[in-house]
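Note that subunit A is present in both complexes that follow, paired respectively with subunit B and with subunit C.
Entry: the complex of A and B
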């Protein structure tokens, strides 16, 4: 459902079916809704069978990268004698994204069940759910649900009497966007600064505590139980466009729409229908100017780009952006694009872990140059300088945070160059950045 | 070193808090992994993480104070100095920014008496800080008051919200 609004007829409520139902948060309430059947089923399956089912569903990572989940699970070693770990990435911090929060708040047991099945699939006994420190209410709900799952025997040394051990530990972050990067997240759990690690080695070889590790996003893991109960064929059949984009997907829509919220759609639904029908379109008298469809790290689209754009991995790429995390920011004609590109750059400058020079310096200077353009003190060479900085921030660092900072700068200049030039020429009156 | 030195550090990890920390040991293969949870316990007990708290956590987990300090300073949510009775975090990242978050900040600064970001009001009641994305973008402008997420804050409803936090 389009929480906090009632379900829209064009939605496909699978993961969001029970959003807003307080009873679904409890173990018994979840069982009454068919919960934990998938885990019981998985306990009777081999890891290979579980991985094959997830592979066949076509499920791809919902955190941003879109990597096939079953294939990721299959990278985990077999019979290596080492402890394996599953990490659940609940560090949802990508501007525009607030979908995992609703999964955790309303259906924590869907996530717990998905984590437990994930453990079985990758031969792990322990899953660490890393939740961002600011998610205080979701954290309390999740901790209570995990405790209840232990008390009811779904977790622990003998999960549902199967003789199999499944532990889930909820680990609270403390304020750092970068900890959503998979290896930074592992460092943070280990009690370190959240600096991303150089890859290889990849997590499946040496991840958390140096052991083979798989890391998946909340929405990815929450989709696993329903794939097991309803079947991979059913899930793979949920697709309106590309056969490579299957299932339902939560999109959190924010900014200048009449009904912002979290909407669940079948992959491939036209972007226009999501924005104009489901979210009610723009406020009266306003027109759409820009859309950032997948969290702040993906290219900005203009009004022309979204025409005929289907909401799936391939379709959004073909229209110049990416599906990313599914966090959609809609901006209307009142938006100052130069100011907002500066705000996005400042976000990355604030959140840079500062271990790579190109990121630490690049994000800070990009922000400063944008601030001086806004203040009416920009130089004629500044736009080229921004693009040159962006080039030096792309593909040159340990993780993609600095690449992500370059994205709104490059796409903003591509699509809205006139607004930058108007500040340089003095046609737009200077503004001061910040409060 | 923090400029807000305690005179004597009263240990945090005694009684129930110590038991809470020790209950976490079997959940992790290393002691160091308890660093973030232990720092949360210090902040929960004292409202901030003092130099004495840093040293005590280090002793408990076998880590040097320098190492612990390095981790504390990396994360934005640990306070390295005392803050107001109620700590307010306001999101001003783009999705909230385009919906008027900066006016919410101005209203909060005026009505709390804090005057400027990061400062504590003269009555010791509030501290207001600007933060990046709180992950509640559809409900602009979200703020966190202590552990409470308050959504759809506007410059106008700020006084009503503040009244709930004496």
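Entry: the complex of A and C
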């Protein structure tokens, strides 16, 4: 369902099937909808069987990188005698992304069940759900659901009487975007400053508290129970395009469309159908100018780019951007691209953890130049300077926040250079208010 | 233990380095300096400054040399076009908010930001028309100022306090380009080893108040020395400006003090600049003290030393092995009780460095003295003073009670840097150099013999105590010849088994037969 709107016929409601149903938030309501069958099934399986099933489904990380989930789980060591941890990344802070929020708000038990199965798959007993600090309502709902799952015996030292221990700890973030980066998230849980760590060592070797750790996105884990109940073959069959992109995917669409919301589609659906059919197209009298398809860290697409673009990992890359987190920002012809790029850069400048020189200084400097251009005080050399800074910020830091700041600058300049030049030449009046 | 070696090629030079080394260390072995800020050999590497990015063949991206481990057959290009461009970009970023107030900055001249900027940076900034970040200077502790405007956030200070001193009072506060190093509100940076953050700071952001605006570093003369403060024997450098000692800094020695010294040792240099020194030999003639020349004074010394009767030697804790040994030889053949004065203090370890502490025994050469026959403890030696016919005071600082006992002895010889008015009846006062003005050897608590070099010239006619004693000894009998140099004076000491200055080098050597070969 394109929550909060009624479900569209072209949607594939798998994870979003019960969005809007208040009873689904309760343990009994979730069980009545077929919930916790997958966990019971998983409790009778070996870790290898669980990992094999997830591998066969073709499920890939829904947080942005798209790494195959089963393969990630298989990296966890066996018989190493150390405690293992599962981290669920619910620090959904990418501008334009709000799909995990809906999962936690409406189907918290889907996430809990997915976390529990994940624990079994990677031989962990404890899962930490790191939830974004600003998610007040989802946090309350999740905490209540976890408490109920404990009370009903689904979690705890004897999950469903299996003799297996599964604990879930909900850890609330304090409002830093960078804590959504997996190693910064682990530092934050440990009580340290949320700075990304140098890799290697990778989390599967030394992650949370120095122990082997797997970290998965909310949507990834929420999809696991369905894969177990309906089978990996069914899930792998959900694809309209590339066999490498399977299953259903939530897209949170915001911006200048008639019906912004969270839509669940089968991988490979044409982007045009999502925007023009499901979301009802652009606002009356407006035309589409630009789309950021996967959260603010992916390249901006223009109207030509989205023609024939299928919504899957490979398809969007082939059309010049990335699927990312599935946070889609649609912009119409009234949008000032220079302003939008500046706002994105400012976001990254604000959120840079300040560790790496290139990011700390580069994001702030980039923002200053963009602000200057908007104020009508840009210099003729500014556009080349922006590209040069973007080059100095790309591929040179510990995490990709720096790269993410450079991405909208580079793609914005590539596709909408004329708008920047109009500010420089004075053809566009300077923005003086609301900057 | 055999260490597995791997072969790596860095800028065309192939070197063998132990497996597990990082590229920056391997490059050093190949004679290539990889510019760096956050990396420090005595701290964990966070790879945050991004200054040490190098090109490694087969790696898709530039890699930070400080955390990239070497692998067999690895080919690294530190000075490839791509790597140089990346580092120039980092330098540009580091400088956009840096005040460039080098003319008034204490770090200027020993600043790594200056060095690498001159080496690899761009001539002009592109950060024009914007104001630089500004934060006021903060007082961090008893000797430390923080100038945030100059800070490049390498976090060496944060990691030193957190991982080495294990008192995590510093942390990066705020995010993005607003970030700065902050001190925990309820804390002061007054840990015994905190002063090291000033040395660790690659720029002029953490400053010593004691050294503030005292001298330009390019005007300083530097001498390799050993801290005379306790039995740890930390290696240090004495910095002088026109013969005046202006600061002490740690000198790296991975076996003794790594890159650190304690604040007590660091601050204890003012005595080196004392102006009230004995500058000429003083002899007692008919109850009158008069200044004389060395010829007369040494004759008197030889005569006094050759007499019969028990001798007590009272040495200060900074006396060199050469001085201690030759003073003993001067009175050889007589009944001698010798002791070294060892002030006591609290032991303060540097938490994460094994076997490094400010020691309770606050005498640098206590263990050297033991090797050379200074065995008795101070109070028992003082007990012998009353029965002694000769007391030799070798630059010891006596209490009033001790001074009264010594003054009552029939004959007193002072080998002194400053006169002691309580010993006005001493037969001889012989001006000697302080450890800052001579070369010599100290033996630390691990029986490591370490050399120190002169940092300033001696005042007036002052001579090293070993020279004075050996000259007096040579005059005592026919056919004796005194050592001409400190090296000869050391080599002649039986306790060191023929070790020479050359053997010791400037990082010292642990005495193999130290316990067995004590000369009595």
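The rule we apply is simple: the second predicted complex is superposed on the first by the 432 of 435 C-alpha atoms of A that agree within 3 Å, B and C clash if a C-alpha of one lies under 4 Å from a C-alpha of the other, contacts with A are read in each partner's own complex, and residues count from 1 in each chain.
Following the convention adopted for this analysis, a residue touches a chain if its C-beta (ideal position, glycine included) is under 8 Å from a C-beta of that chain, and two chains touch if they have at least 3 such contacts.
No experiment lies behind these values; they were computed from the predicted model shown.
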_Let me test your reading of the model: by the given contact rule, A:256 touches which partner, first (subunit B), second (subunit C), both or neither?_
first
*Figure out whether A:351 sits in contact with subunit B (first) or subunit C (second), or with both, or with neither.*
both
*asked:* Going by the contact rule set out at the top, does A:340 touch subunit B (first), subunit C (second), both, or neither?
replied: first
*For A:83, select first, second, both or neither according to whether it touches subunit B, subunit C, the two together, or no partner.*
first
*Answer with first, second, both or neither: which of subunit B and subunit C does A:135 touch in the superposed model?*
first
_Contacts for A:59 in the overlay, against subunit B (first) and subunit C (second): which applies, first, second, both or neither?_
neither
*With the two structures laid over each other on chain A, which partner does A:176 touch: subunit B (first), subunit C (second), both, or neither?*
both
*Between subunit B and subunit C, which makes contact with more of the residues in subunit A?*
B
_Quick check on the superposed pair: does A:185 touch subunit B, subunit C, both, or neither? Answer first, second, both or neither._
neither
*After superposition on the shared chain, which partner residues are touched by A:331: those of subunit B (first), subunit C (second), both, or neither?*
first
*For subunit A, which residues lie in the overlap of the subunit B contacts and the subunit C contacts?*
176, 193, 350-351, 353
*Would you pull the subunit A residues touching subunit C in the complex into a rising list?*
176, 178, 193, 198, 349-358, 360-365, 368, 372, 381, 385, 388, 391-392, 395-398
*What does subunit A use to touch subunit B in their complex?*
4, 83, 92-98, 101, 132-137, 167, 169, 171-177, 188-194, 209, 252-256, 260-262, 296, 327, 329, 331, 335, 339-340, 343-344, 347, 350-351, 353, 434-435
*List of subunit C residues in touch with subunit A within their complex*: 45-51, 53, 61-62, 64, 67, 86, 89-90, 92-94, 96-97, 126-127, 129-130, 152-153, 155, 171-172, 174-179
*asked:* Touching residues of subunit B toward subunit A in the complex: what are they?
replied: 27-30, 32-37, 39-40, 61, 63, 70-71, 74-78, 89, 92-95, 97-99, 102, 105-106, 109, 117, 130-140, 144, 147-149
